[in-house]
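Next up: the structures, one after another.
Consider the two complexes below, in which chain A is the common component and chain B and chain C are the respective partners.
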Partner chain A sequence: MMPWWKQTWIVARHELSDAVRSRRAAVMMVLYVAGAVTSINGFINVLQKLELQIAQTLGVEALSSAGAVTDTLWKSRPFRNMLMSLVGDRSVAMDLLSIPPIALIYGWVAFTFVPMLVMLVTPARVAEEIGSGAVRFVVPRCTRSAWCAGKVAGQSALVILALILSVAGAWTVARLRLPGMDGWAVAQAMMMLAGKTWIYAFAFVGLAVGIAQFHRSPNQATALGFIAWMVLGIVGIMCHFYAGPGIRQIWLVIELIIPQGHRMDLWRMDGAYLLSGCAFLASLGMCYAAVGYAYFSRRDV
Partner chain B sequence: MKAAFWIPFALLAGLVLGGLGPRQSMRRERDELERLRKAVRSERPARTDFGNMVDFLRFPGTAGPATAATGTVRVADQPDASGVDVTPVATGTTERVRGGRTNLNMVSFQERIEAASELWRIRSDMVRSGFLRSARLTPEQTVQFDVLVEAMNIRLKDRIAEWTEVLEQAESVSPETGVRMINDLSEVLVLTYDEMDRTLSPEWRQNAGTSFDLGSLIDPAVAMPLTKVEPKFRDRARMRRTDPVWNTQSGGAPVSVAP
Partner chain C sequence: MNLALELTGVTKSYGRRKALDGLNLRVPAGSLFGLVGSNGAGKTTAMSVVSGIVQPDGGVVDLLESGAFDPVRHAGRVTVLPQDALLPRESRVREILGFYAELQGVPPADIGPMVGRLLQTVHLADRADSAIRTLSHGMARRVTLVQAFLGDPDLVLLDEPMSGLDPREAQNARHFLASRRAGQTVVISSHNLHEIERMCDRVAVVEKGRTLLQDTMDGITGRRHVIRYRLMPASWDLAKLEARLPDMILERSPSGDALECRYRGDLATVNAVILGFLLESKVGVLQVYPGDELEHAYLNSTGVPVQPGA
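After this line comes the complex of A and B, so read on.
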């Protein structure tokens, strides 16, 4: 029998090629890329109107292209102070301010919607294979753990593809609409944020694969995945507000075992926070998938 | 292989157990910081109110010391070092100013100029960005332009310092002084325009358009020397608001307004 990692690699490769060809995944990916591009375009429209208003208020000449006023505002002390009070953490605010505004918007869109994309695509892909009985032809040739790990890897690769396409689309729109933009700096920032989003999404891929292994119906798995995504979002907000001393420390523990609790770590530029966030999210993704695997490994397929 | 199944859980448990303590203390420190921030914010209005009170007590003609919020700054109602009649150029009125200024008030005025300077810097940055885009300057010309603007602000600061000395020492200043001061300062701008014509590309003016104004690039910080005469301005302005007699010269003639 082939080594475990080789089995995983083959399953992942097939998973990616099948997912790309599947109608559902393709539609979701196109929707996500279109959403990212539309968001950037909408942001630039707002920016232009805002800059026009600022230029009028300050009595300076309005520029035909957006960006110059925003860049200046971005570097100004009053704006920085405002952002610091909004974020509530000086170091986080300073990290955010080091990112070009357009890339920051891209990052926000990616961090918000990529998990949703994952939860809409991945559970259906895995549950469909179990439900249709296709998995019966695979498991004699590889271990169930390799199959499960391959599914996680394949779906993660699909997320990379979606992120690369969205970066390309968003950057192109920004380049066309903002001629004065520092293209290289924005591209770098967008790629960095896409990478961070991928790490964040990995935890959701694990969760989606974990959930899907309990189901045979793709629709049921998708619905449950979507509900799980929403519940985690609500729990994340509750943790933020209710965590405190004494018994309320339980919220702190809950915050550590959900992906949303490590989201802000990924926005930081400090390596210590980043490394901690990455380790948490990677282990969370694996744990979620492993919980599903614990059931799937004994399941009659 | 079965042991490998537990690896992610062991890793997560380690991370959670290891991260719980630091996170808890970080949250506590953050809450404490927030509490202190709120405390500082709630103190601010009291200080401002006191500043207003000090301003009110420093009304010309009133006497008596006052203590600032910190309890260390005192208002001494003593004659000005020069003890002479001073005519602020802003109105041309002649008034005798008595009483020293508090450090609190002087710092406050300087802070106001600094704040204005900060806001103005944003505005001038916008104008600069717009100008550089429309004038299509080369990197060398951009540096040259920045040097010219910097030189203009330095010249303006020097001239204002000179005029401040004149205002401090002058027994009386006529409206003509105001006109001469404007003329002197505007010469600096004209000189800068000429320098731009000399050093930048010939078509810069056409590219930049008619709305380009060097005045937008003047840093309000150049007015910092005026802090020396500002108290007299403010006291006089207060008197003007409360007493119409201050609007006339000793002979009762209407007062002309100079910049």
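After this line comes the complex of A and C, so read on.
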């Protein structure tokens, strides 16, 4: 009798190898990597223009490579004070300032677009397997829970692949455009942010797999995944604005059960915040998937 | 008698429509069992209930004398070829079969040779590394047939296994099924009664979610008490033959090209008398076969009268 974890591992391994070959996943991964690379390139272009203008204003010779002024700016006390007042939290601002600006841009892009990547790939793959009947070849061979967990694990692994490729692409462009960049420090920062992005994405993978288990149509599942992502985003914004004392504390509770509510914790360097954010996001991912599984475990496939 | 599969009073509804309405089946271990019935009779639902794809509303399902389907308990022992299910399009043939085999617990070292051997059997060895999407419908169907025999399971459920196969591959598949190992039980659901008749040793007729009859093929087609003749059209006197076989029931088709005899006793003796008479009467005999065609037995069981020679 094969243990559950082994069934899950086999399903996850197959899911990853199969998903990588699917056109939809390949296109979305290419777009994600292209998005990260283009953003970094665009950021460097803006930096160059900014530095050129500053040089012209000051009447000095412009530097051949971008980034030098930014690095100086990043370390200046007035800028740090401005960022602290913008963020509203000294420790978060300090954490952000400890990250190289180019990596920070990468992190912002990675965090912002990873839910979109997940929602465009995961629900369709899972729902297609149910709709086409391919799942009927698997269900008699392993438990439905192992299949569900394997899908979550396989799709999460796909996100890791997308993140690794995006880091490689973004770092390479930054390296080519900013010869003076501290390559090792930026690579480390980007990898750390990619890791955090993955934890954040895990909650969305769980949500996507959960939603897909209710459907047979890939398009319907994708549309619903997208809607869910947008609704969660709107709820996140509402939580931010409406949370307060008294009855408005309900928004703080709602914030706990949406991924966006824990996003800020991942930007911090403080281990306690980081750990709590990771634990919440991982739990949310599993809970979302489990809700879908509760239906899938009894449905006719 | 050891049973590989037993369904007792199984019910299943889709909304207000009853797909299974107290279905009873008893499939002896080691048999090649045919499940026949009209469209919407409940054959596919029955297969799906047995393999855990569909949850029954009521009744008892017992597989291999170890209870209802459980993917852990029955992994590797029960496999299914679902009717309309498609394999993942991007997967490669060898890879997807390897995945299924590994999942049902086949030792990794045995997977490669087993997949290779099975693909050879269905003439797909040269397409082992092809993506499923590049296969024709018939080829993909053969891959799905192969997956049902991975790991040499005890009970194999095949829903319309020959659909989409060309005549050569259908014949090959029949040989493949006939050469299964002793003790392995195969349940085949099909509309093709001729195929079921040729392959199966037991059969059940299902209509409107109920079992109309189930028996051995000999029992259902009456091979032990009916003999049929296909004749050259000619005029001959049935009364004279009836005089020679007084205890038998003889029926001739209106055009005189078919004769059916319901007999008791020794088939060889009865056959000798009838053939002797037909030769004396200068009636050309084209074909002699014992029993009804399954199609006739099926139509009779569903209340459709069948004329001799039809």
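We take it that the second predicted complex is superposed on the first by the 296 of 301 C-alpha atoms of A that agree within 3 Å, B and C clash if a C-alpha of one lies under 4 Å from a C-alpha of the other, contacts with A are read in each partner's own complex, and residues count from 1 in each chain.
The rule is short, and it goes like this: contacts are C-beta pairs under 8 Å (C-beta built on N, C-alpha and C of every residue); 3 or more make two chains touch, one makes a residue touch a chain.
The model shown is predicted, which means the values in this text are computed figures rather than measured ones.
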| item | value |
| --- | --- |
| Fit-or-clash call for chain B and chain C when the two complexes are aligned on chain A | fit |
| Which superposed partner A:S132 touches (first chain B, second chain C, both, neither) | second |
| Touched partner set for A:A55, first chain B, second chain C, both or neither | first |
| Partner chain(s) touched by A:I250 [first = chain B, second = chain C, both, neither] | neither |
| Touching partner for A:V231 - first (chain B), second (chain C), both, neither | neither |
| Dominant toucher of chain A (residue count), chain B or chain C | B |
| Angular separation of chain B and chain C about chain A, which is computed from CA centres of the superposed model and rounded to the nearest 10 ° | 180 |
| Which superposed partner A:R77 touches (first chain B, second chain C, both, neither) | first |
| Chain B versus chain C as contact partner of A:C142, first or second or both or neither | second |
| Minimum C-alpha separation between chain B and chain C after superposing on chain A, in Å | 12 |
| Contact residues common to both interfaces of chain A (with chain B and with chain C) | 143 |
| Chain C - residues contacting chain A, complex | 48, 51-55, 69, 71-76, 78-80, 82, 84-91, 95, 99-100, 102-105, 131, 144, 147 |
| Residues of chain A defined as touching chain B within the complex | 4, 55, 58, 60-61, 63, 65, 68-69, 71-73, 75-78, 88-89, 143, 145, 180, 243-245, 249, 252-253, 256-257, 276, 279-280, 283-284, 286-287, 290, 293-294 |
| Contact footprint of chain C on chain A as seen in their complex | 1-2, 7, 10-11, 14, 17-18, 21-22, 129, 132-134, 136-144, 298-301 |
| Residues on chain B engaged by chain A in the complex (per definition of touch) | 1, 4-5, 7-9, 11-12, 15-16, 19-20, 23-24, 27-28, 30, 34, 118-119, 121-123, 125-127, 129-130, 133, 209, 211-212, 216 |
